[in-house]
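Order of writing sets the labels: A, B, C and D. Residues in every chain begin at 1.
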Amino acid sequence: MELRKSYFADQRKDGLHEIGQGRPRLDSPGHVTGKTAYFADRNFPNMLHLKMVRSPHHHARIRSIDTSEAEKHPGVVKILTAKDVPHNVYTILILIQIGPEDETVLADGKVRWKGEAVVAVLAETERAAQEAAAKIKVDYEVLPAVFDMEEALKPGAPLVNEYHGQNYYLYDSGECRKVRFGDVEAGFAEADHILEQSYQSSPIEHAPTETTGCVVVPEGNDRFTCYTNTQAMFFTLDNASIILQMPGSKLHFVGGTVGGGFGGKVDVIVEPIAILGAKLTGRPVCFIYSREEEMQISSPRAAEKVVIKDGVMKDGRIVARKVTGYTDAGAYSRHSPYGAQKGAAHYPGPYTIPNVWIDTYCVYTNRTPSSAMRGFGVTIGDFALEVQMDKLARLIGMDPLEFRFINAYRDGDMKAHRQPTEGAALIECMQEASRAADWPVAEKFMAMSSYTKGA
Amino acid sequence: MAIRRGRGVAAINYPTGMNLGGDPTQALVHSTPTGNFMVTLSSVDLGQGLKQIMAQICAETIGVPTDRVIIDTADTDTGPHCMGTFASRGTHRAGNAVIQAAKEARQVMLEVAAEELEVNASDLETDGEGNILVKGAPQKSISIFDVALSAHFKRGRSISGRGMFLIPRSYPEKETGAMKPSTCYAHACTVAEVEVDDETGEVTVLTVKNIFEIGRALNPRMVEQQLVGGSWMGISHALYETTEPYYPNRDHGGTDFNQYLMPGPGDLAETEIIVLERPSADGPYGAKGPGEMCANPQIPAVANAVFDAVGVRIDTLPITPERILRALKAQSAN
Amino acid sequence: MAKVPVQFTLNGSEKAEFVEGGTTLLHALRDKIGDTSPKGGCHQGTCGACSVIIDGELKLSCLTLAETCGGTDIRTTSGLAEAGVLHPLQRAFLDAFATQCGFCTPGMIMAAKVLLDHTPNPSRDEVVEALSGNICRCTGYEPIIQAVLTAARANSQNAA
Amino acid sequence: MALALQTFPTVRDANAALKAAGTRYLGGGTLVVRAANEGDVLVSSLVRSTDPALSGIAVADGRARIGASVTMAAIARHPELGAIAKAARAVGGPAIRNMATVGGNLFAPAPYGDFAVTLLALDATVSTDDGELPIGDFLAKRDDNHAIVTSVSFALPKAESFRFLKVSRVKPKGVSVLSIAAALEQAGDGAVSSARIALGCMADRPMRARAAEKALIGKRLDRDGIAAALAAAGEGTSPITDPIASAWYRAEVLPVHLGRLLLT
């Protein structure tokens, strides 16, 4: 890696003592000796293991659940169903006033995705929990399911989630988050070329080497210590407090040393049910996702569809951009309404475009609920935007890098969401890329600056 | 058979911190009797190195070497609230909270030192090595070790501070979407060079040249770690990864690391990283959040390079050999 | 429940435990003996985080039943440093900033150790092959490859 | 119930114990211990045998006999098995190769079982206490097999007459998009005199590409000579679809990779 100090030197104070120094990491000696303590490295006597019975169907009504055989299985200590969870219907963003509550800790009457948690089994060993789980009989009435976002948005599509009442998240702005800037239709009318293209992704897993999990220990004083690899301590504690209807003062969360997160450990899934298990049995409980659960049960990055329509001039200026983004939330909200909204704030990308129209939808389908991941709301949008930029450049016969210089945002430019640009540095990154990759661009672009339009 | 070569470029920006703000983080800093500094947080280290960076930020602000700072984090019985580690917010939000707490502790430290040296606190500075000096008269000095002892056992002062950082929440205007999503943005431009086997659709990423503007590289070695790993993940997203290979069909989802595809150690592109620093106005020592955005520009850069190589557009991620081969067959059929 | 005795040498010291039938070596090491340096990343044999060295060979402790290890010599990353002095591989991982979250690190170091035990001066390709059963999600592998190559060079200089 | 492991000194005793319901044979553990870890409660009991015959490698008179417990790593490093070392090295990473056995590989469902593909191309014989079976017959009936495989034997190919290719998405280790093993004899003029080609991932278990084999006889290994074989390569295949690749893709690239292997 090279630090190119020549850029922005006037804005930077060098000569600090600790900042800017490549100091060795204080946690690395623990990593290389295997001494770093992750949550699962704590072992407690009499610990119970929690295994989940999951839905084999994408969408089904639960007619009945029979746990009688499983309860008799040797080693089984407790079996939990929806009725055991004090506040079973929840949503995590309720903490920042984004509702409605739309998800069940344990399925109650219905399952909405294949893999949804239905019954929790607590047993002396993992093996006993697995054997007992296999003896639980759930009688399902399979319902029609919808997997495709466009199908889900059509009238008459199977309703995924009754708590929403329709297969999209209802923002205060309506069925989507909107950004309106300038007059996009006038921009298209004025443009030399119009290009409308559609981009698609499928779900992506965080795949941290350490799977999601926690170990909960009753402290004997009506408090519970939860050793967890959550990415957000109080967010998880406070949501657990709501779900369990237990004062936050009874909960003690310990974590902060995590074997990779990438956004995959900000849902509140394992902790509440494990705490409930510890409370009802009075024993330590561990609930750790298997790798298969991490891959297919934990929230992935959402699949997205992005439709971009651009109006571009022969001289390279983009004069209008309309973006319609669809985020496949799966069956429940989790962080997806936030992510779709973040997309609306991000479009039309780091470019100054006078006429912009953005709609971003959060769509419900019968698949594993998606949630946050590294680059949340932006990663797939950037793929779409930057492939579109390449297509536009080729459409007008211009070098793709030069085309970006023409449209790059600079300090003071008004963004579509009506904030003036501050601290821009796209131009300088592209100038350095031109040099590093031996991709020459016209001298006028190498002379540009993010500071002002004229410079 | 032909191996065809192409290159592509992409340029991106990325917001630092939770979209629309409203995401507070607090920190507490106090001195031990011998002048070591404890930073108490509830922020989570996912492996990116938050603990180390908070130690360096505290050390810089107090004026001691980093090895005199201890990080106590993520115990909710002791650490004050942090919204969490996500949205490229850890360094920016927690770092600002640590600076505020450390500044308050530093002020008490300087006041105690001023009493010991019989000067005004405003005339004092730190040398970054654990000493407090009188500006312009460095021979007149006292060690932070002695200041802490004095504060504890002689003067009854608590060398401590509280920090809180909050970007007030912005609410989007319903009809126009007017809003303030973030206060600072990181930037990147990537040029990728690929080879595509036009009989099998297999892609080899030969080189990626990544230029990242990240505000300030607080610890350049750790910045490098993030950026190299992120660049790998970007290529991985471009060409390999999905839990639903036949989306929206739900069948054949991978359940292990054999089926969930990511580039192995034999698939690595030659990776060049160049970092620019335009300090952010409100970042700790000018820092922004580079951890997420570093994995974004490779995806479209690789996609554009594939087109440059073989003349087909794959607008669906991941860009698998199958998708390329199907497109090549459609291309030759036309 | 029926317990079975197992006895082996772990990092030079004798261990004897009773385990439940079917207990993997990974669980025996972590839950019974208290050596948590091997990590359970998948319990499928696909991530390498649980790698240990048994009688000189790299093995996956998650797929090895403890009761099949009677009389063996088992080495783990926690036993690599001698009297607090880091092994050259551990030193090289530190110097190369080859750890981020650290969860894959003990397994990586085991895989690298067996390589260097048999091939003191490996080529890059040999390092890549040696690490190929171990997943890292943070680093992009390159710093780890560099750490192993550096450790090999340090070893050969010491030997010279 | 905890998983019980019974160890027997002889294959005979182990075979007897294997008859109990819910019992499976423990080889290297890469299949059966994984299944147990993943919650396969149908397996309640494991059987293994320490019979030394299971772990021997014997090479004599141009034939090799490899005990069923011999690992991929042991094959890869055996000085007299150099011709097939590449195929053994194609299995897993180093730790898996130190555990995975020849016997286990015969039962590994696609996309695993690359070494079995090799054994099929070598026309190996699979031995159990019940007798010997040609590997093709063994693979066809492997789901009903209840006798412990004790060894495999085959005529050792000359290095230049055995070719192996495994195509993976992930390098250097990754599971198969497909694998191909070919045992080819050529006459003095270069014309192919005999050919056995085995394919992995082209069905749920290794299979022979008999039409391609037939099309190669009498042909030289050049672009024109192999054309008919490549055209026939897919005959009788029903490739698997899995997270690695679809049946369509596997079918499309089979002739490409077969062509490359034959022209090397």
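Side notes on the structure shown:
One rule holds for everything that comes next: contacts are C-beta pairs under 8 Å (C-beta built on N, C-alpha and C of every residue); 3 or more make two chains touch, one makes a residue touch a chain.
Remember, it's a predicted structure, so these values are computed and weren't measured experimentally.
Of the two chain pairs considered here, A-D and A-C, the higher C-beta contact count falls to A-C.
Chain centres here are means of the Cα atoms, and by that rule the chain farthest away from chain D is B. Here A is the chain whose Cα centre lies closest to the centre of all protein Cα atoms. If each chain is reduced to the centroid of its CA atoms, chain A and chain D end up 42 Å from each other. If you average the Cα atoms of chain A and of chain C, the two centres end up 33 Å apart.
Chain B and chain D have CA centres that are 47 Å apart. With centres taken as mean Cα positions, chain D sits 29 Å from chain C.
Residues of chain C in contact with at least two other chains: 20, 22, 42-44, 46-47, 97, 100-103, 125, 128-129, 132, 135, 137-138.
In chain A, the residues that touch at least two other chains are 24-25, 27, 125, 127, 207, 258-260, 262, 290-292. In chain D, the residues that touch at least two other chains are 1-3, 36, 38, 172-173. Viewed as a network of touching protein chains, the structure reduces to a complete graph with every chain in contact with every other.
For chain B in complex with chain D, the touching residues are 1, 199-201, 240, 245-246, 252-254, 258-267, 321-322, 325. By the touch rule above, chain C contacts chain A in their complex via residues 20, 22, 30-31, 34-44, 46-47, 49, 76-78, 80-81, 86, 89-90, 93-94, 97, 99-106, 109, 135-138. Note for the complex: chain A touches chain C at residues 24-25, 27-38, 40-41, 43, 125, 127, 206-211, 258-260, 262, 288, 290-292. Within the complex, the chain B residues that touch chain C are 46-49, 221-222, 224-226, 228-233, 256-258, 262, 264-266, 268, 271. Listed in rising order, the residues of chain C touching chain B in the complex are 42, 44, 46-47, 97, 100-103, 125, 127-129, 131-132, 135, 137-145.
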